[in-house]
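In what follows, subunit A forms one complex with subunit B and a second complex with subunit C.
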Partner chain A sequence: MTLLLVGLGFCLLGVLTSALPRTYRVPVTASCAALGCALAFCAAMRVLVTGDTVSFHTTLILPLNGFAMTLDPLGALFIVATALVGFASCVYCIGYVRGELQSRSAMGLFVAFILSLLAVPAASSIATLMLFWELMAVSSMLLIVVEHRHRREARDAALWYGVMTQLGAASILLGLLLLTLRGGGQTFTEIKSHADALSPIVRSSAFMLVLLGFASKAGAVPLHVWLPKAHPEAPSPVSAMMSSSMVAMGVYGIIRVGDDLLHGGTVWWWIAVVALGTLSALYGALHATTSTDIKRLLAYSTIDILGLVLIGVGAAGALRDTGHPAVAQLALMAALLLVVAHAGFKGALFLGAGAVERATGTRDLDQLGGLIHRMPVTTTIFALSACSIMAVPTLSGFSSEWLLLQGLLHGFTDASTPTLIALLVGIVALALTGGLTAVAFVKALGIGFLGQARTLGAVNATEVAPTMQIAMALLGAVSIVLGLVPGLVVPLINRAAQSGLSRSTMSPLARGTGLVLAQLRGAIQPAFLFVGAAAVLVAVWLINRRLVHRSARRVDAWGCGRDVQTARMQYTATSFGEPLQRVFADVLRPQSDVELTHVAESRYYEQSLKYQNQVSDAVEQFGYRPVIDAVLRGGKAARRIQNGSIHRYLAFGFVALLVVLVVLA
Partner chain B sequence: MPASALQIVLVALGGPLLLGLMAKIRARAEGRVGAPISQPLKDIRKLLSKERLHARHASVVLPLAPIVILAATAVAIGIAPLITTHPALGASADILVIVYLLLTGSVAGALAGLDTGTAFGGMGASRAMTIGALAEPALLVAVIALSIQAGTSNLPAIVSSTLAHPNWVSGPSRLLALVALVIVIIAETGRLPVDNPATHLELTMIHEAMILEYAGPELALVTLGGAMRLGLLFSLVANLFFPWGIGSNGSLVGLLVGVLALALKTSVIAVGVSLIEIHSAKLRLFRLPELLAGAFVMSVLAVITGLVTR
Partner chain C sequence: MRGSRRSGKNGPLRSLFSRPVTGPSPEPPEPPDALNKARLHGSLQLRHIDVGSCNGCELEIASALGPKYDAPQFGVRLVASPRHADGLLVTGVVTHNMIGPLHQTLAALPQPSVIVACGDCAVNGGIFKDAYGVAGTLDEVVSPDVLIPGCPPHPAAIVQALRSLTGR
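Up next, the complex of A and B:
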């Protein structure tokens, strides 16, 4: 525990050193925060390897309620994922020198954000949790507005994000407070021992309220509307942390409250979680295929993957009380492995997108292209992470998806009918999102990095600073390690899942380099697959060299007999996703607009033609905006009682006071 | 291990032969004599001796993609139970690994298409990935239907359990999965009515547009990769649904019998697919989602009937 506290102390030191003059500010602050992340990583790994739970309690920081932190294996796993991405983001920050992130407040807020992300999984009382949760929310909201002078959308994004995160926090607080009814204390150990004394209605409403708040943070549809606005507008190191770690905090909260504090609860809770997960996975994947902004694509992909994680968590909870608790633990392990893998590849993807934005000045895929020649390192790491998210075998995304499918597959024996339907829907969602994710990332990689450069910004791009490359490579290595030898991290994830499912002692996965199911039948050995593929690659390459001595000659590509092939003739990101946009038009609701101006003299000739196509978030357009408009209309109507007369206002105050006194009496 | 190497060589030679057989049947149905069955092999040999050309704006992805496609398909063939129920890595030969290795091949091809920096490459990549995205769910759910029935997703285990329970083959779950898989295979290998492998018209090309810029040895590798993919998919359908003839004990006689049985079964499937090709016209691009959605619904029904009739 001291190691974690020292780590958090270094982060606090980083917040203070952000007051240094500009030449020292970023390196010193980022180094302090990186050191803090490294120490937290070591502390969490120690807990995961030994399986011990460590605690810390003081009445100093929060005098009324006490400050309690407990690091158990479940929280430690989330801290490991956060620390990895945090370390890489801090190293990245050192090279990301231009821009508003350099200012005192921005760097201080960035380190405070990392501090809160490291501390949330270790909080063990309601007051401590809410303290760090609010710190996380406020610091990230202010970080989104850091570049608001360049982009108006940043202010809009911060507003949406702020409102939704505060509503979520209120919901979480209400739910947790319900659990302290009838004399329960506010630390997690007290809540856990008191939980069985509460009535089922109180438990269910508490879980539903808490689910609302945490699912909103995890980007579950329909509470996801802030995510595609906020993640693109924040500076890239912040986006990486938000997308990798902050959304994972939502998942952590659901597992902590549902599985740990409330001892599992009813099956219906978890079927609701599976339903949320399915909706998110499908919706996120669809929107990712039609997004042309690289960071918005990554944000929707986060919603997709977190949907799959929620399916795993829901399946684990639903299968918990059946005759096969080992399968429930397997599903939870799959969800946790996917969280760590997601932190690795999504962090690398966001840092890569930031590097592209820094080098070319734009996030729009329709204006990029040909970056593989100009930014080879960034392209390689982006390609690696994109292949990982597309579930290419021997990378981390495939290992986690395989494990999740195994957890869902083996749950079909002896499950009740609602659980069966939930598992089936989960599997269908997994199947549907696989292909859609592939389309989205082939688009991002192929249109953004391959082919010819479409604008001057892409033509003039150069490779980014070495520290940024090192940071991206670090997270890329996570994808490779988790993909080739997932068996190494299996004992750690096993401990975390055991701690999540309240001290179970099962080990559904056997030891080894690959993933081997212990009692059931099924295994993958990515390391051997890689060796086999490498052998075939080398063989084909050698045969190629033997048979074909000639080197390649460069020629013009086929253009149907045209002389000139310009970069403008290539497919764009919009055109790449257009077939799927047409197929799923009912869900995506694209808005097309054609404006045609005729020549004054004759209607047969056109003067100008303007075409606009836009895919905005349908849930926001048809769900949230009508509600907001109704509230605004109600507000305008209520303004009529404000006629400026101070006598009327005094009368209102008097009547309100009377009513309160009558109610209290 | 030697059985796996034999499998790879067998499919590398047999895949083009299957293509030749399908072309021959089509020619005969159209009243022509047609090219000999070994023509695709001769074409590959001819292409290997041609000059190697790269598009001007292409990067390292263009020459690398055919090798990646070939490697992914070869590894998938190596671990699949085609002539024996004990291939290399038998305990970790998972059917999901094979599905995702095939996806890797598609992704590599699409990236190479986009790498050329031409309109055709992008168009082919976009259409091919869209069809792949719509066919993938049907493939995965059909495969999962088989896994649920066998209690595992380990491929040799599914084949062995089908051998041990012959009455499964005629069950409604298996039949629905078979129909869904046949539609998916037609989509994944780019045959009519999904895609016309002999067209070079801009409006109708899908796979051909993606590989338009390949020439010489790289085109040979791409063609061989496509043929091996076809051979693998036909062999998997044959062995998952009618596994009799597969070698079970690893002896030489068993392997030979497995080779002959595989050749016979895949030829029958090739004849069947060829007849479907002859009797159907190419579907419009935006009719394909209906076909693939139908395949998906059939896979889901296969899972549901499998659960209900357990």
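Up next, the complex of A and C:
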């Protein structure tokens, strides 16, 4: 615990050092925060390895209720994931920071954001949790508007995010307060001991309120609309933190309240979680296939992966009271492993996208291309992480999704009918999103990094600063470790799952480097797979070199005999996503517009032709717009009463006083 | 049984019970000496390129590939890209505008390949040989393996020449 507190202390020191003069500010602040992350990582790892729970309580900081922190394996796992990405983001910052993020307030906020993310999973009372939760929300909201001078969209994004996150926080607070009705104490231990005494209606409504808040933080559809706006607008290290750690806090909250504090509750809670997860996974993956902005694509894929995590969490909750607690534990382990894996690959992808934006000045895939020749390191790490998110075997995405699939499949044995349907839907969603994610990332990689440069920005790109490369490589290594030898981290994940389910059954996985289910059928050894695949690849390469390569003849690409071929004739991201956009037009609701102007003399010849195609978020368009419009109309109507005259307002006050007096008398 | 007999010679079920009306095709002609017939295995995928034809040869090629002369039954097919082709079917005399694309197409053709010159223009320049837009004859760019003379050549002659390549 001391280690974690010292780590948080270093982060706090980082907030203070952001006031240093410009030359020292970034390196000193980032180093402080990185050190803080490293210490928090060590503290959390120690808890995961030993399985002990440590706590800390003081009344000095929050005078009325006290300041309570407990580090148990569940929270520790989320701290580990956060600390990894936080460390990498801080290292990345040293090379990345220029312009607005360099300012005193932005650096301070960035470190405060990391601090809050490290502290949320350790908070163990309502007041402490909400303190850090709000610090996280406010600091990240302000970080989104850091670049508002260049990009007007950032203001809009921050407004959306601010409103959604505050409504979510209110919902969480209300739900948690409901839990204190009986017993009255506000620390998690007290809530836990009195939870069973609460009436089912109170328990259910509390969980639903909390779920609403945490699911909106986790970007679950239909509460996701802030996410694809906010993540792209934030500076890239912040996007990486938001996408790989902050959204995971939503998942943490659901596990903490549902599984830990309320001991699982009823099955339909968890079926609701699976439904939310399925919806998010499909919707996010679909939108990722049609996005052409690289960071927007990554944001939608975050919704997709978090949807899969929610499916795992929901399956674990639904199965925990059936005859197979080991299967529930397996599903939760898969979800937690996916959280850590997602922190690794999505962090690397966002940092890579930031490197591309820094080098080329654009995030539009249709204006990139050919970066593999100019930014080989960034491209390699981006490709590795993209392969991981596409669940290519021997990388982390595969091992976690394989485990999730096993959890869902083995839950069939004696599940009730609603649970069975939820599991089936989850499996289908997992399969379909796997394919759609592959489309999205083949597009990101193929259009953005391969081929020829489409614009001058892409032509003039150069490799980014070494610190940025190191940061990306660090997160890329997470994908490799979790993918090649998942068996090594499984005991740690198992501890977290045990503490989440507040059970101590045996690990459902056998010891070893691979993933071998102990009591059930199913095993995979990614390390052996890798050795085999590598041997085949080397053999093919050698044969190709010996036999084929010598006689190969290099000619230009075939362009139907056209004399001039430009980079603009390449496949674009828009055209790559177009077939899917057509197939799923009912869900995506693309808006396309053709504007044709004829020459004055004849209708047979056109003067100009303008084509526009846009895929906006259908949920926002049809779900949120009407509500916002109604609120604005209500506001306008209310303005008729408020005409600005102080006499009228005094009259209102007087009338109100009279009414109160009459009512009381 | 009775029903089928009553439908008679021109009834709707005729095709089920009678043989096709086409007779056996004549023996294929001998392949040109330079070509190894065995390599094509009875199938020839051709990319057609018009380097400056009057479109007469194109009409005859269309006819040769059509139902009457039916070159596809002897294994000949036109394909959309030289990357998919065994050879090139060239019509017309080489014009200035098409000499570049001709070079590109030849480069894009997998080796070994066959070059078929169809029509007098492709064989020796024909009547447009000395016209102002003409860059030269085909054999100045690439030497054809099979020549199909005629202005335009008869579809039967085209089929005959292509059969010498497919060996069917």
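Here is the rule we use: the second predicted complex is superposed on the first by the 637 of 665 C-alpha atoms of A that agree within 3 Å, B and C clash if a C-alpha of one lies under 4 Å from a C-alpha of the other, contacts with A are read in each partner's own complex, and residues count from 1 in each chain.
Just so it is clear, a residue touches a chain if its C-beta (ideal position, glycine included) is under 8 Å from a C-beta of that chain, and two chains touch if they have at least 3 such contacts.
Note that the coordinates shown come from a computational prediction; the quantities given were computed from them, not determined experimentally.
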Handout entry: First, second, both or neither for A:520, with subunit B first and subunit C second
Key = first
Exercise for the section: For A:183, select first, second, both or neither according to whether it touches subunit B, subunit C, the two together, or no partner. Expected result: neither
Handout entry: Touched partner set for A:431, first subunit B, second subunit C, both or neither
Key = first
Practice task
Applying the touch criterion given at the start, work out whether A:558 contacts subunit B, subunit C, both or neither, answering first, second, both or neither.
Solution key: both
Practice task
Compare subunit B and subunit C by how many residues of subunit A each one touches, and report the one with more.
Solution key: B
Problem - Residues on subunit A lying within both footprints (that of subunit B and that of subunit C) - result: 553, 555-556, 558-559
Completion exercise
Seen from subunit B, its contact residues with subunit A in the complex are 48, 51-61, 63, 67-68, 70-72, 74-75, 78-79, 88-89, 91-92, 94, 96-97, 100-101, 103-104, 106-107, 110-111, 113-123, 125-127, 129-130, 132-137, 140-141, 144, 147-148, 151-154, 157, 202, 212-213, 216-217, 221, 285-286, 289, 300, 303-304, 307
Problem - Complex contacts: residues of subunit A adjacent to subunit B - result: 289, 369-370, 372-373, 387, 390-393, 398, 402, 405-406, 409, 412-413, 420, 424, 427-428, 430-432, 434-436, 438-439, 442, 445-447, 450-452, 514, 516, 520-525, 528-529, 532-533, 536-537, 540-541, 544, 547-548, 550-560, 565, 567, 569-571, 575-580, 582-583
Handout entry: Complex interface listing, subunit C residues touching subunit A
Key = 49, 81-83, 100-102, 104-105, 107-108, 111
Practice task
Enumerate the contact residues on subunit A facing subunit C in the complex.
Solution key: 553, 555-556, 558-559, 561-563
